[in-house]
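Same chain, two partners: chain A is paired with chain B first, then with chain C.
Coming up: the complex of A and B.
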């Protein structure tokens, strides 16, 4: 009689199976973690574009060329002049060699740009919430007004923005501060004391300004954003009813046979066609033959064609998954096919259908190449007002900005990406909310 | 040879005769609806042959279902009981290559005549399925859906329609479910137990106020307590409706039905009142089946 216990074989088998099971489990976990890490890296990359300034802007402090006595000031002197508690009221207060004239102060304070003003105040007075001198001082809305006022008086001192200064270089001179001259190199190295770091913020201004072609600080995504929203709305309106209707017909009404299988194969194949091919198709059919030109509706129709196969397939799967018992229950109560589908099958299939719609619309939002072909313009002067308007889209702006050399546009592209992601998340959130409500109703 | 054992020919002839005319039990009153009692049965099959493609499931069955009675169709698995039942309200229309010959008559009208609307048929002949299949909606909506889309009832009972709330309550009462759910009509139907769900399905079918109620093994997925409850309600229901029940549970057929039809392999072997079929079966196969020797 052998010592071999009856459990020995299965014990070995069990250990081996447990080991394989563990390996499998950890492989899956590591796959998931890798995918999440990739996504995290992507998002961090985008957001980190905004962490460092894309440019430095130095504020020139100027006097008119008729002012012969001052070329440079120290920050203390600047503070004495400009600060509300500053002691200097006349030039002679600062330096006995200087004229005994009142110092006229000119500056600008844009109503909508509080931050810029606070920046200057902080640099001058050391306190963001401090105040600038009001006596003998005039603050205008726009730098050119400041420039005009300055040119009238040799005893005035003013601060303007770099742009206005460079336009009037021949008539004024920029003072050095603390021994540092007002030059671009000094600005970039932050040696010049009154230098501002420029960032791109995704703020209300960014969202509501039209794209600017020369200044990244002024640029915004308003027009492409509205264009994208219009496009998505129209695409959804066109493709969703078409897709659901087709899926219902193919699943519920069509006779299962060679023709039905043929259609199914073709739809699956169409889902894999590269998007640019749909662009060319849209150009030929909607742009030219239908004569719709480069309007939003052309883009929407093209995108609808693009996503239709995917939504149809997802809807068919969802409808197929509804158990026959549900249909029979409805039909046995004396309803016709349409009533059974509308009141019972479709609501049951809705979560699956919504998933297909979410995935497809998310893809449609980011499509660029086919839309370029059907005429999404890079620069459009205003947001689309109707289906026949010209339009621009966010992905296109991102592409265009990422290509430009001027400082700040790469960061602006990143900011636009953030906006696109937020729009995407909002849309998905709405769709998921709808889907969850129906799923809760079902269980 | 025993005198009480008839010859083969005679027993065959008697069997055929027994199949064609169900014996009317003396004590039972046939309660008629608002019609004069007529000799035409509510539902009738005449030489029905039903086939799936080339395979014949029902081979020449002639059967009639009497008003206000519970007729049970019994037989071993695969004998075609459910197929026959589904033909009675045209639910077999949804099976692709079904072939139906012979006649199936509802109050004298051919159900499969070309101008008959199957949807209309199902309004008069309702069905309860083997596995409870309530809609994923509230209890109230489950019962109310059929009447609403068929225009039988409306919320306020105007326009010649019944009051919806009343109709729902009556249907649930007839199914024996009202007391248990009257306080939670707006909870999901799927939250009920199996027996309750099946009674909900019965209530749903009754809300359509059908003439005939077909039940395809309604208790096979349920526990004995729920089964007993449903059988009790069936006794009440037969006063207003005609019931045809398919069951593989012989005890249920013996308990609950008035008439019993015994099928084997798509053929009708015996059809008589339940007492006779179970106590004094005329056919040997019937006797073997009801005594448990086969099937």
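Coming up: the complex of A and C.
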């Protein structure tokens, strides 16, 4: 023993050993801290995605090709033309060499997109709530109408959205403003004066718009969010009675024997089965054999089987924590076994059971793979109205959008992650609240 | 008089009888609930076998298990699972390389060095990390880890195994930490005291006494973490790509078994024969591997529980 002993008594040796011990301690600490910091950085990255613009959109000011005299304007001239206080009514008011013709002004003002109009107003008048010229001016609902009106007259000037401009670029010319030409490079560098920074962050619009497959700026999480809520509600409805039932059986009725040991081992093994395998099970059983198709109920049944092992284990622990004296008291007063369980054991165990259930449900919310397999789809065009509706889910939006190359979808995915994390946080908060209240009651 | 008592008796008997019946019925219902978990296992095995065996109408056993080419979604079809298996195992080893040391170190810190206040802060943080959905980790890998890797390895493709390994490692690390912490804390304090009493330093007590005493728990958590890494789906689907390749190079794009299942199920695999069967066959192999690992882990865990209770 003594010859193998790693600690021999010598002063020099002791300092060395102490040093090793210290190094070891700080290694452990630094590894723990670095792991936590790393994940904190990742999460901060997600939250900071909304802080920088994902794209720049420049608004072109155009005249028709038949207009031969104007190629460039200054911002002052633009204000003179468009602003309500602007003094220019004829082209000659701006430049004496230009024809003595009235300026016809066109623009668009979409009702569903107030911001675009407000942005242009702000750029021209310097005031977001300022007003544009109404006399001599016509504002259409849609940019293509603007284009049609503009092409009628060489003395007209208009602003349209970049998309409409690029489709008609052979027929109109975009003016340089303050000497800066309307080009994509100038837009991206914000050199072009009327350039808007586009952001995506979680706001009311994002929560209430349906997902868009082509424009990240208009995309939202309404349909997937409602789908996720439906799914969680149905999963809870299905899994809670089953889990509590089996937990009661295993804790209160089952005799210690082969069957209950077998069930226990089986449950702990099931808890380790990859979630995607449950997806396959759901596909074969609920989707095909039961013929439920790609409906919310298929997803909910699949998720219920998935979280059942965890919920059963949590419920069992809660039931086991109920003091034996409570059961004895009930039985002594003449109640039978079920009455003792129903009126005494379950109510006391309920907070613990609830906590376990909510925590498992928050796992279910994040599940993606099994639901892709049983048919949740990003392309669903309306929020589910019942258990048999098709549905989409939040994590699926994150998955689909993170793969997209178009600008803005990475930011949209980050915003969806934020929504998902907030939902999770809410659920966990409820669980903690219940746990704390329960603990206070006991003490 | 006696008649009355007789009828009373029969009523009581009847009540007792119906009560008995009710109890029995309740017990039966509850038992059915408990049986549901067994039914789940049985139907998983049945479904995977029934669906998976269909594949062998199209390919032979040896083609499936030893074939080095997996091309289920494009012509010419071939169904050799080795590329998917190697992709999965590569992710598993890479993730283990990160998660096991980090997780064990955190657990040692938590159980041996941390003050109660530090513990109160770190343990819940780890639990929160364990609760972050895997699809979010996939996003991390694709948008933040890959760009950082691209600085170090300029030729790395957008979809690569390395970023998936790192992110799966980070993902299973909290689980390793939490389980190892439980195992280390189950080691009786008296064993530590004995170590200190004969003059050992904290390092020596930890590595020579505490960790060996908790070894079965630690190992069980390792096995469980690796099984989790194998079954992990969304992070690797997003980050590792969709090119099944028999390679040992983590700087390439690969495909894991789970990622293939998602890719195939997302498309219109519902009705076409061989592709549909291949989903079940791959899932069957996946299930088998994780099941064996879970059984091993549970066995180890049970043994360690017996030692100190």
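Please note the rule applied: the second predicted complex is superposed on the first by the 382 of 443 C-alpha atoms of A that agree within 3 Å, B and C clash if a C-alpha of one lies under 4 Å from a C-alpha of the other, contacts with A are read in each partner's own complex, and residues count from 1 in each chain.
Please note the rule applied: contacts are C-beta pairs under 8 Å (C-beta built on N, C-alpha and C of every residue); 3 or more make two chains touch, one makes a residue touch a chain.
All of these numbers come straight from a predicted model, not from anything done at the bench.
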Once the structures are superposed on A, label A:272 by its partner contacts, choosing first (chain B), second (chain C), both or neither. second
Kindly classify A:325 by the partners it touches after superposition: chain B alone (first), chain C alone (second), both, or neither? first
With the two complexes superposed on chain A, say which partner A:281 touches: chain B (first), chain C (second), both, or neither. second
Is A:233 in contact with chain B, with chain C, with both, or with neither (first, second, both, neither)? neither
Of the partners chain B and chain C, which touch A:191 in the superposed model: first, second, both, neither? neither
Comparison of chain B and chain C by chain A residues contacted: C
A:336 contacts which: chain B (first), chain C (second), both, neither? both
Thinking of the overlay built on chain A, is A:362 touched by chain B (first), by chain C (second), by both, or by neither? second
Taking the stated contact definition, name every residue in chain A that is touched by chain B in one complex and by chain C in the other, in rising order. 336
Report the residues of chain B in contact with chain A in the complex, numbered from low to high. 89, 91, 94, 96, 119-120, 122-123, 126-127, 129, 131, 133-137, 145-146, 149-150, 188, 190, 201, 204-205, 208
The residues of chain A that touch chain B in their complex are 256, 323, 325-326, 328-336, 339, 343-344, 347-348, 441-443
So in the complex, the part of chain C that touches chain A is made up of which residues? 19, 22-23, 26-27, 29-38, 40-41, 43-44, 47-48, 50-51, 101-102, 105-106, 108-110, 112-113, 122, 125-126, 128-129, 131-136, 138-140, 142-144, 170, 173, 177, 198-204, 206-208, 224, 227-228, 230-234, 237-238, 258, 261-262, 265-266, 279-280, 283, 286-287, 290-291, 293-295, 297-298
Can you tell me which positions in chain A touch chain C when the two form their complex? 6-7, 9, 17-18, 20-21, 24-25, 27-29, 31-32, 35-36, 38-39, 42, 45-46, 241-243, 245-246, 248-250, 253-254, 262-263, 265-270, 272-281, 283-285, 305, 308-309, 312, 336-338, 359, 362-363, 365-369, 372-373, 395, 398-399, 402-403, 410, 413-414, 417, 420-421, 424, 428
